[in-house]
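Read from first to last, the chains carry the letters A, B, C and D; within each, the first residue is number 1.
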């Protein structure tokens, strides 16, 4: 699929500015905040692909995180403008695996992965990814790097 | 009331240890976290006075913050063990005014105030403080300093 | 001064999107995060006025917060795009008073004030606002609303 | 070594209470906060083993996180009292691998791993774990589970 091939070369990109409150005594972003940055990128991809995370919630679908992995290569600093590249690498029956690569001015800083599970918003029990959601996300699915 | 008089001299005290993630590039607690410390003290006072914040939620009562004020006198540092002193200074029809004083080893660090409003948990609309809640909190109400 | 008059009508504006991690069990932004939003606006105003907060640090000047006040009128929600309007209302010898007004789609949400003190970055002791900093900030100073 | 064997059966335990501000719209602890909980446990282990993280800083040694991994099994909720079990599973030349297991009332919630690297506090460059630090930490090193 042409669109899919295109996405392989062009992952979803979210830009953000590092806030003062996110930096610790070492003058760098504290390690936990990168998970917030991953989540902010996912929210933006969801808006692009599905019209917004809240629209998904309105359909009684929510996401819970089952797994996360981070590799810290270099530190982001206050006022740095970061790019969060995000690619969905697996869309299973109820699971969504995403890969992230955070950089600044071409320098790679943090790589990571999350595995989400789709649940009913009401019951928080696993529920299959609905068709409308799968087709909305599919253009952003890469077969991995 | 003897218990009330007693409370005047002895405000509710919550102790906590400053976390690394709460300290900024200046090596001190970032200013917003003191509102989290105030809130942690309120949760503990609620547990003592009412059996827990969640019990209040179960009765369809929740709190929203209407106002907050903070005066920063001196800085808390990583690993400092802080005492958060909290006194309720006003219990209105739907409003609860609390005063806080955070210190470390006898040094005053941050003073503050919050005004909460009681709301229905479902509708988030104002609702009067119920009798069981008022009588649970009353022993902790001081007429101010 | 024409430029000053202009600023009275047009405060500094910073736009940001509410993150999932900033919302609490009530589905609204937790009260402490507004202080982070205030700070993010200040960082952006500093960039516009002085070329960046880090440039100020390089001149051995830093800011500490001495006081903060917040009035919560209405709640911001996940994915809301907020505007933070910021005006400096007082530039003293060593103090900077700023007022903030956060809104969403024309609805006012949170008003607030901070008072910062300029300190030596090394010693964290009070130091007068240097001339280059005062002249950089002056166009953004309003005499209050 | 008897002490070491003892540690295998009894990892370091840090207890903490979930704060309201740490819970998200799902009513559970947002995923990034578990990294803060891991870090809080490390701080406490450091105090027990070395007299405090700040004492290590005074010796010009600091830690940076190189990798983190989390598996989320079940959700922690507001007011839950959590136990964070921490074991050091590897003390290398410059690296410290730790494993964590967070639970509540016997229910496992989140498992995780961090790999830290020892650096000079001044230069943030890698530096070998000093002898006094290694011998202080060794009683807490397990050969893995």
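Keep in mind that, in the parts below, contacts are C-beta pairs under 8 Å (C-beta built on N, C-alpha and C of every residue); 3 or more make two chains touch, one makes a residue touch a chain.
All of these numbers come straight from a predicted model, not from anything done at the bench.
Participant: Counting C-beta pairs in contact, does B-C beat A-B or the other way around?
Facilitator: Top pair by contacting C-beta pairs is B-C.
Participant: Farthest from chain C in C-alpha centre terms, which chain would that be?
Facilitator: Between chain C and every other chain, the largest centroid distance is to D.
Participant: Between chain B and chain D, what's the gap in Å when you average each chain's C-alpha atoms?
Facilitator: 29
Participant: For chain B and chain C, let me know how many angstrom lie between their CA-based centres, rounded off.
Facilitator: The separation of the two C-alpha centroids amounts to 26 Å.
Participant: Between chain A and chain B, tell me the centre distance in angstrom, where each centre is the average of that chain's C-alpha atoms.
Facilitator: That pair's centroid distance is 36 Å.
Participant: Can you pull out the residues of chain A that are in contact with at least two other chains?
Facilitator: 20-21, 32, 36, 39, 78, in rising order.
Participant: Which positions of chain C touch chain A when the two form their complex?
Facilitator: Where chain C meets chain A, its residues are 17, 19-21, 36, 39-40, 43, 47, 52-54, 78-79.
Participant: With touch defined as at the start, can you tell me which chain D residues reach chain C in the complex?
Facilitator: So the residues of chain D touching chain C come out as 20-21, 23-25, 27, 30, 32, 78.
Participant: Which residues of chain D touch chain A once you look at their complex with the stated criterion?
Facilitator: By the definition above, chain D touches chain A via 26, 31-33, 35-36, 39, 62, 64-72, 75, 124.
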